[in-house]
Amino acid sequence: MEAIAFYTFAILTTVMFLITVLTNHALYALSALAAGMIFISAFFFLLGADFLGAIQIIVYTGAVMALYAFGMMFFDTTRTVVESRTSPQLVFGLTGVAALTVVAIFVAPIISENIVALYPAVDGAGNSQMVGMVLFTKYLIPFEVAAIMLLVAMIAGIVLAGKKMDHSLTLMKDEVECKNIEKEQA
Amino acid sequence: MEIAYFIETVIKIVVILLVFSALAGFGTYFERKILAFMSRRLGPMNVGPYGVLQIAADGIKLFTKEDIVPTNAVGPIFKIAPVITAATAFMAAAAIPFLPQFTIFGYTVHPIVADVNIGILYILGVMAVGFYGPLLGSLASSNKFALLSAARAAAVFISYEVVTGLSLLAPLMMVGSFSLIDFNNYQAGGISDWIIWSQPVAFLLFWIAAFAETGRTPFHLVANDHEIIDGFGTEYSGMRWGLFFIGEYANMFFISFVIVLLFLGGFGDGSVLGALGFLLKMSFFFFFFLWVRAAWPDIRPDQLMWLCWKVLMPIAVINVVITGFVMMF
Amino acid sequence: MEITLQHYLILSVVLFAIGLIGVLRRKNLLLLFFATEILLNAVNIAFAAISSYYGDMTGQMFAFFIIAVAASEVAVGLGLLVLWYKRTGKIDLDAMTSMRG
Amino acid sequence: MSLEQFKNRDVSDSGYYLVDIDAYPEKGFDKFKRIVARTFRGELFVGLWVVMREMIKFDIHTVQYPKEKLPVGPRYRAVHEMQRLWESGTERCIGCGLCEKICISDCIRMDTKIDENNRKVVSEYTINLGRCIFCGYCAEVCPELAIVHGGRYENTSEQRAHYTDYQDMLTPFDMALNGQVPEYPGFGAVTPHEDERVKSTPLAY
């Protein structure tokens, strides 16, 4: 049963992400990525990390991909994206080498035998309870830092995409050019 | 045992699909009738006695209509978008207990497809995914009004997710579980145990956010008929549009169930009376969706965002903080 | 057939490689962001799998923080992207040559 | 009320009053106060109550049209009728063609011929009701009062051919005999004691 689920979702996720990477259509990429995110949450459910799975759905598919969709509304979604491909052999070759290296590292038995659980799971506690217990004791400081980081990111997002930011504060080249053009016209 | 469980689950899924597809259809009938009565009209009267077969007529019409895919639309995504809306609505139903468990022919039936221990998070997440239907449908139909609608939908859904989540935090802190069954058992003692008495603010916030999550009238900005044609549904016709509709009405039913389970005691101790009360309470919330549609106008998009970020969210945060303090001391 | 940790790790690597392909071949900034999301998610799977098979919550914690990082990355990155698009009308990676001097 | 009275009427005490419009709030706190005031005055709930009251009263005003029809005013002018003579039952239309000539939307078309009695008869007469704008010129111009506007207002059809049947427009003779062909009071109408004043000729006018 677990094997069926694993292989189904593995194939689905791989196909979805391949579509995301290889398509020339921004909307296909977006939809396939969102679907892949949902399929990945299935792995989390399979692994017993229920809370993580729900967070994956809510945050990634609900918020992150929605932000991307929001961003995509600024561009023409129905047009195909032309990628200037330089050398596909190099891209796929490099990727293959990197993947092989990582596989070798992960599969190397020396590493996996020496792992000891730092924060072992407590018997009788649900997944979300365990997450809470570990997150608010050992990982409290990183948690707070992550919160502050999110706050900073939020303010940065508001400031960057706000109305008054059509003109740059740092790159003044365009404004100078614009003024020159205006002078010429006048 | 394994096989029996499997068969039971499949039967439950089929039953829920059939019942709520039909109910979504009847939801449109109820809506038209109630809106008509509230504006001194009769509503559909011609198909069948008092028009009860209107849903069949509508279904035949939707199924036999020409299925138009605009030339410039992104075909596959345009076609899959309505399915997302309907499918996610029914996926959310998997974690909702629709009735208390009952025994039939010596076999105990749990009327819930999967009692996952993160039930509420799951429902919230899947409903959050539900807005991909309008979003992708609008983006794919290459229509600027649809695009406007998609922008609004994305903004409204993301914003009101915040309110829903924060308003639920306080009851979650009290109950200490994400499971809707646990929520129900927490309030099983009778009316005085209902969470609405201890968390009225959270109840109101969740209720208000439910209108935004389902895209119903006071916050009907996803397909704001009187401003931007039909929003995301502009380019859709026939059964594809019908699937959007089924998704919307199924969502209304499910969110009514969730409100009752979370705040109004659910099915109580699980007796027949409790089950009847559960359905009655749920019907009231569904009726309220229609009632509000008859009575209140839509609000402007900027007012909607203002309401979310400057009124509802601070109230929700304050509510969580107060609940935390009360529970600590 | 039993699913072991190795299955998950290999799946994670496969997804990571897919993401890598995307990062290397995309020139459109928005689609480049998509590829980085794939990278992050691939790593998340590995973390969750290790966490589950060794009975250790640390992996899941890391996955949470990765999700938080991804969310903030999107907020800032997309803000910059929109800003850049408003200024130049392009989101092509090759067009960003103002630092070349 | 005579015209003079009407002109000199006192406007101030006849139910008119100025609506009290508050100044639009400028500052954020004022707006907040307005929202609180509006919320707790319960305007939202008044709306809810009103629609609920109407639903409970169940005072339905629907006319289920194809089954029930609202009475049409006696001077309503809709689909044309071709009249017959009461006495002889012959058609009033003499085939002069004036209505065809005057019709501004060109929807009347008639064809006449000379029959075996050397009399001119209308062999074909069509009114395209899909194009007719019901201006009434044809009835106005008809020297014999042969074409009039009747009270039938349902003139939709799936086929244009349905608009072109002369026989449909002819008033049935028994109706004409029974006096069911309505004549309305006013200029040119037949009065109740018309028989005593009209000489008995084939053409009464």
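What to note about this one:
Just so it is clear, A, B, C and D label the chains in written order, and each chain counts residues from 1 on its own.
Simple rule for what comes next: a contact is a pair of C-beta atoms (placed from the backbone, for glycine too) under 8 Å apart; a residue touches a chain by one contact, two chains touch by 3 or more.
On a predicted model such as this, the values are computed, not experimentally measured, just so you know.
In terms of C-beta pairs in contact, the better-connected of the chain pairs B-D and A-C is A-C. Averaged Cα coordinates give chain A a centre that lies 68 Å from the centre of chain D. Between the CA-based centres of chain C and chain D the separation comes to 71 Å, rounded to the whole angstrom. Separation between the centroids of chain B and chain D, computed from CA atoms only, is 48 Å.
Taking each chain's centre as the average of its CA atoms, chain A and chain C sit 4 Å apart. Residues of chain A found to touch two or more other chains are 30, 51, 55, 63, 67, 70, 72. If you draw each protein chain as a dot and join the dots that touch, you get a simple line with two loose ends.
Screening every pair of chains for touch gives A-B, A-C, B-D.
Within the complex, the chain A residues that touch chain C are 2-3, 6, 10, 13-14, 17-18, 20-22, 26, 29-30, 33, 36-37, 40, 43-44, 46-49, 51-52, 55-56, 59-60, 63-64, 67-68, 70-72, 74-75, 81, 83-85, 88, 90-92, 94-96, 98-99, 102-103, 106-107, 112, 115, 117-121, 130-131, 134-135, 138-139, 142, 146, 149-150, 152-154, 156-161, 165-166, 168, 171, 173-174.
Those residues of chain B whose C-beta lies close enough to touch chain A in the complex are 72-74, 76-77, 80, 116-118, 121-122, 124-126, 128-129, 131-132, 135-136, 139-140, 142, 147, 150-151, 154-155, 157-158, 161, 165, 178.
Those residues of chain A lying in contact with chain B across their complex are 25, 27-28, 30-31, 34, 38, 50-51, 53-55, 57-58, 61-63, 65-67, 69-70, 72-73, 77-78, 126-128.
Against chain A, the residues of chain C that register as touching in their complex are 1-3, 5-22, 24-28, 30-31, 33-35, 37-38, 41, 44-46, 48-52, 54-58, 60-61, 63-65, 67-76, 78-83, 85-87, 91, 94, 98. On the side of chain B, the complex with chain D involves touching residues 34, 36-42, 45, 291-292, 294-296, 311.
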